[in-house]
Amino acid sequence: MERAFGLERLIFFSDAVFAIAITLLAIELRVPEIVETANDAIASQTLWLAIAAEWPRLLAFALSFYIIGAFWIAHHRYFRYIKSYDEGLIRLNLVWLFFVVLLSFTTAILGEYGNLQIAIVLYALNLICAGLAGEALWYHATHARRLVDAALDGRFIRRLQARTLTMLLASLIVIGLTFFIDDYASFGWLLIFVFQGLVERHYRRAGMFK
Amino acid sequence: MERAFGLERLIFFSDAVFAIAITLLAIELRVPEIVETANDAIASQTLWLAIAAEWPRLLAFALSFYIIGAFWIAHHRYFRYIKSYDEGLIRLNLVWLFFVVLLSFTTAILGEYGNLQIAIVLYALNLICAGLAGEALWYHATHARRLVDAALDGRFIRRLQARTLTMLLASLIVIGLTFFIDDYASFGWLLIFVFQGLVERHYRRAGMFK
Amino acid sequence: MERAFGLERLIFFSDAVFAIAITLLAIELRVPEIVETANDAIASQTLWLAIAAEWPRLLAFALSFYIIGAFWIAHHRYFRYIKSYDEGLIRLNLVWLFFVVLLSFTTAILGEYGNLQIAIVLYALNLICAGLAGEALWYHATHARRLVDAALDGRFIRRLQARTLTMLLASLIVIGLTFFIDDYASFGWLLIFVFQGLVERHYRRAGMFK
Amino acid sequence: MERAFGLERLIFFSDAVFAIAITLLAIELRVPEIVETANDAIASQTLWLAIAAEWPRLLAFALSFYIIGAFWIAHHRYFRYIKSYDEGLIRLNLVWLFFVVLLSFTTAILGEYGNLQIAIVLYALNLICAGLAGEALWYHATHARRLVDAALDGRFIRRLQARTLTMLLASLIVIGLTFFIDDYASFGWLLIFVFQGLVERHYRRAGMFK
C-alpha cells in the first residue's frame, strides 16, 4: 500500500515535469515585431512573412513536442510494468527528467541556429543522453526482474527497449549527416518517424500491442 | 486495473498540459514601462492609460482562457465515458494537446496584431485544428463503441460532438468576417459564447445534462 | 464512481493551476544587471545593493505567494466538503482560477509601481474578484446543500466564508488607504495576516478546526 | 477517507510546485546571440564558444536541479510516513515550497554572478532556509508522533533529518569558504554530493533503506 503510493508520486511528479517541459517549448515561439503601416493589408502581409520566417523555430518546436511526447509514452509504458521502486529508480528517473528538461534549451538553440552543425549535434547529444537514461531506467527495473513482475515476458522487455533505441539510432545518423550536408541534416530527424513507424508496425504484427 | 491506471495517467498528463497552457497565457501580459515623474498622481494616471492600452492583449488572454477552459471541459466530458485506451487514443490526445499548447503562440500574435487579418486567421486556424483533433479523438473512441461503454447512447455521443463544433463554426465565420470588416472581426468570437449558450440550453431542455 | 472521478479531475486541474500560478511568480524576480569591475569585493557590494533595491518586487512576490497559498487552502477546504459537481461549479471554478492566474500580472505591476495608487488599486480589485469568485463557488455548492452533505453544519459553512471575506475586507481598506497615504498604503496588506490570524484563533477557540 | 484525500491533495500540489520549479530552471539558460557569418563552419565554432561560455549557468542549472530533486525526494520520504495533517503542516509545507520556488531566482543570480561572494552567500542562505523549513515540517510531524504512526522508530526519524542537515552543513561551509577563496568557493557545493553519499552509504549499511 505504502509502496504503491510512493510509486504513484514518482509517476505523477514525472508526468508533471514532462507536461511542463512539453508546454514550455511554446515559449520560444516569439511574436515577430513588424513595423506597422497605415495600410492594414500590407501590414498583414508583412506579419505573415515574418511569421513564415519563423519556420525553423516552429519545426524545432514540433520536433521536440513529438520527441518529449514519445519519451512520455515510453515512460508511460515502462511504468505500466514497474511494480515497485528503489533509490536507483528514483535517481535514474531524475537523470532522465534532467535531459528532458534540458531539451527546452537545445531546442531553442536548434530553432535559432538549425543551419549550424554544432546546434544539430548538441540537440542530438541531448536526445542520446535522454534516451540512454530511459534505457538505463528500464534496464535497472527489468534486470533480474528487479522491480517488475517476475513473469514478465523477456521479449516484451526487449521490445520496449527497441523503441527508444530508434531515437538513439536516428540521432547518430543525423550527427553523421552533419559532416556531409550542413543545411539539410535536420531532415534526418524524419528517420525517427520512419523507425518508430516500423517498430510500431512490427509490434502490431506480432500482436503484442494494440 | 493496469488499464485503468494507464488511462488515469493519460488524463493527468493532459490535465497538467491544459493547466500549464492556461496559466502561461498570463505571461504575455506585459507590465508597461512608463516614465516616472516626481508627481505620483500624474504617474499613476500615465500607468493607468498604459495598462488600459493593453486591452487587446487582455481580451486575447481572456478569450484564450475561455477557449482552453472549454477544451478542458470537453476533454473532461469525453473521458468520463472513455473506459479504455489504445495507441490511437494516446496519439490523437497528443495532437490535441499540441494545438492547445500552440494557442499560447497564436494568442500572443492576436493580442499584438489583432487588427490584422492574418493574426485573426491564424488564431482561427489554430482553434479549428485543436477542435478537429478533439473531434477526431471522440470519433476514434466512440466509433463502433471502441473505447466506451457499448451501451452509451448514440444521441449522447453526437451531443458531445456538437459542442466542439460550435467553436469550429464560430472560427469559420470569424475568418469570413475578416474579408469584410478588418478591425472588428474579432468580435465574431463572441459567437462562441452565443453558440455554446444555445447548445447548453438545448442540453438542459433535453434533460441530458445537469 | 464516475462522479467522484470527474470531481477528482476538477480538483487536480485546479491544483495544477494554483501550483503553476504560485511558481510563476518567481519569474518576475529579475537578476539585476551590474557593471562588473576588476575588484570582486566592490562588484559584490554593487550586486548586493542592486538586489536589495529589488525589495518591492520581492515583497510583492512574497505577498502574492501568501495570497495564492491562502486561496489554495480555501479551495482545499471547500472541496473537502463538496461531494458532487455540476456545470455551475465547473464554471465558477474556472472564473476563480482566471483571477488567480491574472494575479501574476497585477503582482508584476505592484512590484514595479507599488508607489502608485493605480497599481495598488488594480491589485486590490484583482484580489476582490478572486475572493468573490471563491465565495460564489462556495455559495453555489452549499446553498440548499446542493453539492455538499445535507447534514453539513450551517455554522461551518459560514465560517469558511468568513476566511475569504477577510481578504476582501483588507483589500477594501487598502483601496481606501491609497486616497490618504500613497507610498505606505501597501502596508495595509498586513491586515490580511492580522484578520486571518483572528479568524484562525476564533476557529481554534470554537474547537471547530484543528 | 476525507482526511486521506486532503493529505493527497497537499502532496500533489507540492509535487506540482517541485516539478514546475525544477523545470523552470531551464528558462534561465539563454540561447547566445552570435554574429552569423557567411561561413557556416566559422559560425558553428563561434556558437560553440558562446554556448561553452555559458558553463556557469549550466552548472548552476545542474546544481539546482540536483538540489530541488533532493528536496523532492526528502518530501517524498517524509510523506511516506505522515498519515494525517493539520493547519501547521499545511503552513510549513507552503513555507518550504516558498523557498524552493525562490531558488529559481537565486540560481539565476548564481549563474550570472557566481564569482561574487554575495551571489554564493544568497544562494546558500536560500538553501539553508529551504532546508530548515523541511526540517521544521518533519519535526512538526514527528514530535510526539503527532502526524505519523505512533510506532515509527525514533532512529528512523533522526535519519531522515540527517539527510537534509547535510545540505545545511555544506551551505555553511560554502559560506565560510567565500571569505577565503572567492572564485572557487562554489566548488564547495560538491560537498553535498559527498555528504549525501556518506549518509546514503550509512543507510544502506544499517539496512534501513533500500
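The letters A, B, C and D name the chains in turn, as written, and every chain counts its residues from 1.
Rule of thumb we're sticking to: a contact is a pair of C-beta atoms (placed from the backbone, for glycine too) under 8 Å apart; a residue touches a chain by one contact, two chains touch by 3 or more.
Here the structure is a predicted model, which means the values were calculated and not measured.
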Same vs different contact residues, subunit A with subunit B, by half of numbers used: different
Cα superposition angle of subunit B on its copy subunit C, in degrees to the nearest 5: 90
Averaged-CA centre spacing for the pair subunit B and subunit A, given as whole angstrom: 25
Centroid distance [mean C-alpha coordinates] between subunit D and subunit B, Å: 36
Multi-partner residues of subunit B (each touching 2 or more other chains): 12, 16, 20, 24, 27
Residue ranges of subunit C touching subunit D (in the complex, touch as defined): 11-12, 15-16, 18-20, 22-27, 29, 31, 34, 40-41, 43-45, 47-48, 51, 62, 65, 69, 72-73, 76, 79-80, 200, 209-210
Contact footprint of subunit B on subunit C as seen in their complex: 2, 5-6, 9-10, 12-13, 16-17, 20-21, 24, 27, 86-87, 90, 94, 97-98, 101-102, 104-105, 108-109, 112-113, 115-119, 122, 182-183
